[in-house]
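What follows is a pair of complexes built around chain A, which joins chain B in one and chain C in the other.
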Partner chain A sequence: MTGIFFCTVKLLRKDLIIETRRAELTVMSLMSVIGLSIILSYGVWLAGISQSQKMELAPALSLSVLFMAALSVIGKFSEYDEKSGALDGLLVAKVSSDALYLARVAAIFLLTSIAAFASGLVLPTLLGLVPSLLLSWHGALVFCGVSLGLASVGATLAPIAVRVRAGSIFLLTLMLPLVIPLFFASCEILSGNPSTRDFWWTLLAALDAVYLAAGLWLHPHVVR
Partner chain B sequence: MMENENLADSKSGSPDSFSLPVFTCVTLFIAVWVTYSQYLIFTVVPNEVTMGAVQRIFYFHVGSAFATYAATACLLVGSLGFLTLKSKNFDALQLAAAEVGLLFCSIVLLTGMIWAQSAWNIAFSFKEPRLVSTLVLWLLFVALVVLRKFAARSDAASFCAVFGVLGAILVPVVVYSVKFLSPVGQLHPVVVEHDGLREASFRVAFWVTNGALVAMALLFIWLRKKIASLEEKNL
Partner chain C sequence: MSVSAPTSQQLSVVNVAASVAGHKLFSQISFSVNSGVVLALYGGNGVGKTTLLRVLAGLHRDYTGNFSYSPGVTVGFASGSVSMLYEDLSLYENVELVSNTSFTPRLLSPALCDRPIKHFSSGERALAAFERMWVMQPTVILLDEITAHLDQKKRTALFEAVKAHAKRGGAAIFVSHEELPAYIVSARFVLTAAGLSGIEPGGSLA
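The block that comes next holds the complex of A and B.
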């Protein structure tokens, strides 16, 4: 157990060192967030939506932006692995598959969290709202929950998408059905009926736990 | 020598063990069952007071939903079986369950939309969690079928099994979690659990149709599995 933990930390450190030197994924995810936020807020402005409707719409739009940014991060991460052969090397070196999976989830989670922070900040600002989601504890927690779910599903499915025809499009096809419940639960927590909030919190936590546990078991079958 | 080979094939459950008399009997039995359910729906069951004739779609809708869940269970068994035992038989079961599941889930969605348009004046509503969970299930089956076509032959079985497990374990979480949500504001009726089928003929038609559609789905899965095994053998 301790071995897996230390191995995970080392692998995560390796991924983060590479990312801090290249900064490609961070820049790509931030540019996706900014680009999509501009397009969406322009659409909202064109539709002439009132301020109160904008406030209701903001969480769903921010989460959509986060999903697209996360998708680009997850896809690119696996592309690097496939091109560089780094994953094959680690597997030949008999590195624990659990550690590989957990390190990848942690790395995607950290990068997606940056995108989540950016989408929670940029989109409401462009819509002319106060970025209140980031200031409330439940807003921040929801973004963490979604990021964890996206990272768990993404780390399991990205190695599949890379080895399938039309891989970049395929990641979306594979992730969509698994991510929709996460997305709905988050939207309902942030802008739905307050009386049902407990139910959606439980669903979000349950989905995160199921995806993480299933991913741990399934990851060796995908990378073998 | 030849006899020994045939015996070995039939023991291993290979495509050669496909028995025509058994298949004919099972198919005929299910055909009679389905025909009897149609007879009940269209001639025995009276028109429902509020909705009239449109209510008859309810029998197909719920029966197809049960068939979809049966296909999902087969999908989980096939996926887990392949991942643990690496048997091609389980891969064929997984393939068959995904395709048949997609068919019945499409029927659930379409009949649901027709019924919803008539009952609520809206074909689809994101406020209704049961509709959304069925849409999620449909997307899962679509992704599985497309993944099988797009993946390389050597990878397709394990990739589909991995995705099948992920998808199949999501289904009970999403579908049964809806039961814990407050019924206030939900459009979808909960007929059976709330003892809504008071007339005896409604109940008989309901359970006969459910049984017929589930049996039909299992027959389709069995047939598709046999076809997949034969294709695998010929390649």
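The block that comes next holds the complex of A and C.
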């Protein structure tokens, strides 16, 4: 267990060092967040929606931006692994598959969290609202829950997608049915009926747990 | 093919045939490798030499037949064409990912090992792949066109390292397009679509 933990930390550190040097995925996700936020806020402005309606819509719009930004970059980690056969190098060296998976989940989680923070900040600001989601504990927790779910699913499916033609479309097709429940649950928590909020919290936590456990189980088969 | 060496068997391959994308590369082949042996595997382009090594390294699953390593045997794989290293990391950082032991390069200069792999030449990448494999201290080493981009001095140093490895009881399989020097090779064979052939003294078909 300790071995897997240290191995996971080493692999996560590797992903962070590479991202620090390339700054590719962070920039891509932030550009996606900004671009999508501008388009959505322009659409809201064109629709002439009132301030109170904007406040109701803001969480769902922020989450939409987060999902799209995350989906656009999740596969890139695996593309990089495939380049030069770096993942094969780790597999030949008998690096733990669990550690590989957990490190990748952690790396995607961190990247998605940055996108979540940006989407919680940029879109409400463009809509002329206070970015209240970032200031409330349950808003931050929902973003964490969503990021974890996206990371778990993405880390499982991305290694498959990089080996097929039109991999990014394939990844999107595989991921959508799995991440849509996350989207609904998080939207309901943030702007749905308060009396049903417990149910949606439970669903979000259960989905995260199931996706993470399934990913741990499937990953050794997927990477080979 | 079984290699006639008076030492213990490290690898046994029985009726292995491999395919890539549904295309069958070679017929069922069988051979075994004992400790102290260095095999040279030749063959034309596309017959499946690299695929055979990838099967033996556990990286290619589209095969039939069986192969097994003796208990305690560890496997290393290094390629001259695909470094299997993270290009934005240095060799030291790449080694750190797979080993906790201190690393002293044997064939590359320590100063070079601090630079990202993406700045390496083709020959340096091949040596970096070899160094990273070497640090794991594998028993059986699988080398795919590892000498293709090396100058004569580096090539000799690599051959010496492999020879010393075999003398210590390890084993190696070289895949190559060029004739390897006789002083390190125990047996040579040619892979064709029909199977293995052309064994010279030091080995025989099973």
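Assume the second predicted complex is superposed on the first by the 224 of 224 C-alpha atoms of A that agree within 3 Å, B and C clash if a C-alpha of one lies under 4 Å from a C-alpha of the other, contacts with A are read in each partner's own complex, and residues count from 1 in each chain.
In this section, a residue touches a chain if its C-beta (ideal position, glycine included) is under 8 Å from a C-beta of that chain, and two chains touch if they have at least 3 such contacts.
Computed from a predicted structure; not experimentally measured.
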- Task: Give one of first, second, both or neither to describe whether A:22 is in contact with chain B, with chain C, with both, or with none.
- Result: second
- Task: Quick one: classify A:91 as touching chain B (first), chain C (second), both or neither.
- Result: second
- Message: Per the contact definition in the header, classify A:142: touching chain B only (first), chain C only (second), both, or neither.
- Response: neither
- Message: In the overlaid three-chain picture, which partner chain does A:165 touch, first (chain B) or second (chain C), both, or neither?
- Response: first
- Using the superposition on chain A described above, determine whether A:44 touches chain B (first), chain C (second), both, or neither. neither
- Message: Applying the document's definition of touch, where does A:181 land relative to chain B and chain C: first, second, both, or neither?
- Response: first
- Query: Can A:102 be said to touch chain B (first), chain C (second), both, or neither?
  - Reply: neither
- Message: Contact-wise, after the overlay, does A:157 reach chain B, chain C, both or neither (first, second, both, neither)?
- Response: first
- In the overlay, answer first, second, both or neither for which of chain B and chain C A:11 touches. second
- Item | Touch count on chain A, higher of chain B and chain C | B
- Task: Starting from the residues of chain A touching chain B, keep only those that also touch chain C in the other complex, and list them.
- Result: 224
- Note on the structure: Seen from chain B, its contact residues with chain A in the complex are 83, 132-133, 135-137, 139-140, 142-143, 146-147, 150-152, 155, 158-159, 161-163, 165-167, 169-170, 173-174, 177, 180-182, 185
- Per the touch rule, the chain C residues reaching chain A in their complex are 57-59, 61, 74-77, 79, 82-89, 93-94, 96-99, 116-117, 129, 132-133, 136
- For the complex, which residues does chain A have touching chain B? 153, 156-157, 160, 163-166, 170, 173-174, 176-178, 180-181, 184, 193, 195-196, 199, 202-203, 206-207, 210-211, 214, 218, 221-222, 224
- Item | Residues of chain A touching chain C in the complex | 10-11, 14, 17-18, 21-22, 83-86, 88-95, 224
